[in-house]
Every structure is written in structure tokens, then in C-alpha cells.
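Chain naming follows the written order as A, B and C, and within any one chain the residues start at number 1.
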């Protein structure tokens, strides 16, 4: 039986207004025509190089983009249209966001309080359990964000999703700077939460990490999801992958040979080729 | 269907006023107005505000916009002249002050150690003493007059900007690309000219402009108290001090208009500085 | 004789906890060494100490039997994890690329650096494109040891393989020594002839709860 769709993103685009040297307003697209579906009980990893705009997808879903951003497209959550107003109601309750940076924590509030948030006393015991779970001393709850190391802050951020009774978790690069043991622990948690029927979006630049835990891998390139493939297809010889870019990515992994295709005409590696919906080819004119 | 608005408000390439051009225009008109007042006062025929015993103690009218005083001097032209003097003195003292800040701030950041401690001590010392008292003391010590005012203001207004420049230089010196430049064999001279100065200069410029209103107000204040410019100069401080004697006689315009003009002008400097800050601050560049 | 000798190096910031304690190893000319390990063991700090960005409190780093020259083009060059921090945001790409002279045509072509990028600003290019500039900038005959500190960690696998493949062939051709610092076992096995594990190298007590 096909699992129920939790979040459905259709034709999402995100662009920004900015100014050029001639003080003219210019517009550039960071995400264009992106489609993504997350089912209940599933971890979908969005994999792409850092700085390619993956985080913007999360920010667009959570409705926390900066003021100069313009978005287009449609989103559905549990089959109903996800309007910005509805998102604002769901954020932190049904949908939890684990941001990439400590900068998302309130600098003037003790981190324990931030984890509990508006969820009341019931959440406090959960917060204590979460801290214990992620190897944080209970005294950390009384600290302010600037007193935390990078890894501690990340574990505090992870605790926020642990406390809320969420149906969906969007985690943006949750593991860099974490001790390996804790990172694996955090990923196991995502697995447990997914097995309870929640949906998880894991945004990461680390494809090994994604392969480790995710059910599906969405290959993100240049503001689009090139292909969403079952994690299984990344095992073995990678022949199940549909898009040439995904296949190139597979073969470029150090554990899969570290190989790159070269253009038969000019010899340029496929890292320099152009990628579109259909495939990838070298810019020298040879297909 | 689109639940998220997608309004492309960017007036790309047109001549319409976008936010950025608006800011540029405000800055430009502010600068033009201020330099206009400065030049007007400089080139003004002194007979315009010479005593005219036929027209004494006149209330504001069309022929005497700001009225006349007990000697029959036209208060409008006197005020313009006074503002011009203030701008010139403000310009000179702010410039000297900012150069002191630039030298001390850079030295503090570059040499560190004892030099840093010494500069920090001087900053604290200067900020710990009430500005006005220090200003009056220095002004008297130098022998009063314009030279006294300029020295006094210049010597007391550098601490804030020194701190800003020290922080900026420290930050850029530890930037990875500057450290790399050093390892690429680049000389200190190259690094200072190509990396550090272009980074610090905009901050310096804003600091300099934001110094003007302080310098001008302090010049007016000590002149008003009688420790500043001589009584025969057309200065706002002198005008205000004289007007005190006549306020009880109902000649409200003697203090009202010059005071208002002084306030307006210092505000204008503040606005120009603040908008310039917005313009060069990369974080606000996109708004 | 080893061209690089790291002898009993200790390091800490100010009077903070020791980050490096009694680290010793050496590398032969043309050798490719990987330092492998999870975060929190001072890998990046070690890279900066070897490259001369930081001075160790104890022990020494010797290059051809001598300390590193304090000025001039350093024979040891370091590539960082975040290329966007290694480029002046106020400089066009061409200026950054040519800060230490124009790279050879071979490097530019093989790196896939396009001339249309020259007039762009760093924030207009992707991380993979920026890192190519950072690598091309230091691939010169004067560079004898290249330290790659998580050079491709933030990049996709294709850009990773692209940059590494070229760096490896360049190192081979010019007998340049390589020191790869990474957390990725597979990558270490691919690029290095010898793998050192930092937890065995660095004799510090790591408090895992404070990481």
C-alpha cells in the first residue's frame, strides 16, 4: 500500500531582489521549479553542495525567508494547501525546524527555555530527557547561546525537535561539528521518529550520511531536484539511477571509484558540463 | 492556485525610484544642501547682516525672515553665516579627530600588546571625563578663539571612531584571505593597500560624517558658554548667547529660528551618515 | 631524508586547554599523507601549525630540516574548507586568482576555470567553482607541500573528484608533497599513500560533552 503523502512541494521557486553596481534592482532565481514529495514514515535526504541553495528550500517551506525573497509554486501539507498563515500556526508544533546555525537561537534567552518554548511544563521533562539523550549536562539548560560550543549548540537545536510533538521534521545540516557518536545517535533518532510515522527532510552536503539513514535521496543541483531516488539504487553499481548527473555523482564517490567522465572531444571532466532536466553535456559543443 | 505571492516588484533597468536610489538621492540632496549653506555663508556680502538702526527689533516678516535684533541686524543672514561657520569648524575638527582615530585605531590593531593597552587607556580616559569640561579646558589652554574650539573638539571626539577602526582592522587582519595573502609572499604594504584600506575606508567615512553633528553642537555649546568663538563672529553659539538677554523682552525669534536651524542641520548630517551606513552595509544591501 | 618533520608539537590558544599535544610525524618528498579522524581532535589547528599560520608552544615544524621562512612565498600552502572565506569578497575573481601571479595555462584548463568567471564577484559563483580558484592560485612550482584541510567536504562528489583528480596528477607530475586532512575514510584511501589517524597522533584528553 502506498504511504500517505505528508508534504508535497510543487513547482517551488525562490528568488531574491538585489541591487547591481548601477543601483538597479535585479532579480535572481535561487530555486526554480522544484518538486519534492515526503511521505509519512520516510526520511528524504536532500543532497547538494553547500551554498547551492538547499537551505532556502527549508526556509521556504517554513515561511522564514528574508523580506527580499519572492516565492512561487504550491505546497500541500496533509493534502491541504499550505498557506503562509497555516505554516505560521504549524511551525514549532506540527512541523519542527532544526536550523543550521546557532544564529537561529535567541541570544538573550536561556537555551533550556528555548527548547521548552511555548509548550508548557509537560515539555520540560521532555527537554531534560532530550538533553540527557544527546549527552548534554542539565546545567546547560541555564546557559545562553553564546556560552555554547558549536557541537553543544547543535545538540540543543536537535533537542527542540525531540520536545515538540511533531509530525514532520526539517533538519538543515544537523551534524557538522558533532562528535561521530552523537551524530550517529542523532541520525538514529530521525530513523526512530520516522518509524513512528513522522516525515523527515534531512538537508545535507554529505552524501555518505544521507545514504546511511535516508529512504530516499533527492539530488539537488543548481536550484532543482534533478532526481529523487530510493537509497537502494545508490548501492551496487548505481545502474538504477535515471539521471546522468546522479550516475556521475555515484561514480565520483571515493568508495565507488572516484571516477569522472571526460568529454571525448575536449577532455573536460563532467564537473564542468552543463546539466538540465534531460541530461548533462560538455559546453564545447560535443554531446 | 498560487498560495504564495509571486510579485516581481523589481523595476529592473527602469528609471523608477527603487529603495536604493531613494537612499542615494537623500544622501546627495543632504550633501548638496549642506555644502550650499556652507558656501553661501562663506561668500556672503557682510553688509547683508550689518547693523541697520532703522530696522531694530523687528518681528519675522517677508523682508526679514527671521526678524532683526536690537542692533537691526538681519537674523536670517546672520544665521546662515553662523551655520556656515559651524560647518567649517565642524568639518575641520571632525577631520582632525577622525585622522587621530584612524592612526590610533590602526596602531592599536596592528601592533597590539602595549600599544593596544595604551590606546585603550586613552580611550577610556577621554570617555570617562565629561566632554564639555574637557573641551572647555583644552580650548582655554590653547588660547580660545577658533583655534581653541577646533583643537578642543578635535582632541575630544576620536575615541568612538578609534574603537570602530580598531575592531575593523583586527577583524580583517585575521580574515583567511589576508592570512593567505601573507603566505603567498605579499608584503605588508600590499596587504594594507589592497585588503585593509578598502575594507576600513567606508567605515571611516561613515564615522567621519557622524562626527560632524557632535562637533558642531559642541562648538555651539562652548561658544554659547563664552569659551569659544569671539563675540564678533557670526556664530550660532554667539547668536544664542546674545538672544538670552532679549528673550524676556519678548523677542522670541532671536533664539527660536537660529536654534531650529542648528537642530535641523545637525539632524541632516545624522541622516546623511545613517543612510550612507545603510548603503555600504552589505547586510542591508538587498533591502 | 624527510622533507617535512613535525616534532613533538604542542599547541593551545592562550591559556586554554591543549588542542595539540606531542604530535610527531614526517613526510617524504612527493609522498601523499592523509590525516584521518572525526572533528574535535584538532585536525584544522594542526594544519595551521604546519603551514605556519600558528606558532606551536612546544616542539617544532621543520621544512627541509629548517624552520619555515617568515616571509616570501611559503613552500607550504594551505587550502581551507570554506573557499568563500579564502577570497576577498571585494575583489573580482581574476584579482584573487592572480594575487600571486598568473597560474599556468595547464592549471587553468584542467581545473575548468572559465574566463567568463574572471569579472565576477565571489558571491556569484558556487562553492565548487570558488574552490577551483583557491586551488589554482597556489598550484605553482614554488609550492612544495599542499595541505588540503577538508578541501572538498562542502562540495558535491563530482566537484570533489574533479578537484582531487587534478591535484593528484599535478602532485605526481611536479613531485609536490600532499597532506590531506579529512574525516572521510574512503577519500583518505583514494588520495593518500599513507593514512595517519589523528586520535592516535594527538595525545590530548577530549571531553566529548564539551565539543
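For the reader, a short list of remarks on this structure follows.
Here is the rule we use: contacts are C-beta pairs under 8 Å (C-beta built on N, C-alpha and C of every residue); 3 or more make two chains touch, one makes a residue touch a chain.
What you are looking at is a predicted structure, and each value in this text was computed from that prediction instead of being measured.
Counting only chains that touch, the fewest steps needed to get from chain A to chain C is 1.
Of the two chain pairs considered here, A-B and B-C, the higher C-beta contact count falls to A-B.
When chain centres are defined as mean Cα coordinates, B lies farthest from chain A.
Annotation: 28 Å between the Cα-based centres of chain A and chain C. Centroids of chain B and chain C (each the mean of its C-alpha atoms) stand 47 Å apart.
In chain A, no residue reaches two or more other chains under the touch definition. By the touch criterion stated above, chain C contacts chain B in their complex at residues 51-53, 71-74, 77-78, 80, 82, 85-90, 96, 99-100, 137-138. Interface of chain B with chain C (complex): residues 175-181, 183-186, 195, 198-199, 282. The touching residues of chain B, counted against chain A in their complex, run 1-13, 18, 20-21, 24, 285-287. Only residues 38-40, 84, 112, 114, 126-128, 153-165, 184, 186-187, 189-191, 208-211 of chain C touch chain A when the two sit together in their complex.
For chain A in complex with chain C, the touching residues are 47-52, 135-137, 149-152, 176-182, 205-208, 221, 245, 248-250, 252-255, 258-260, 268-272.
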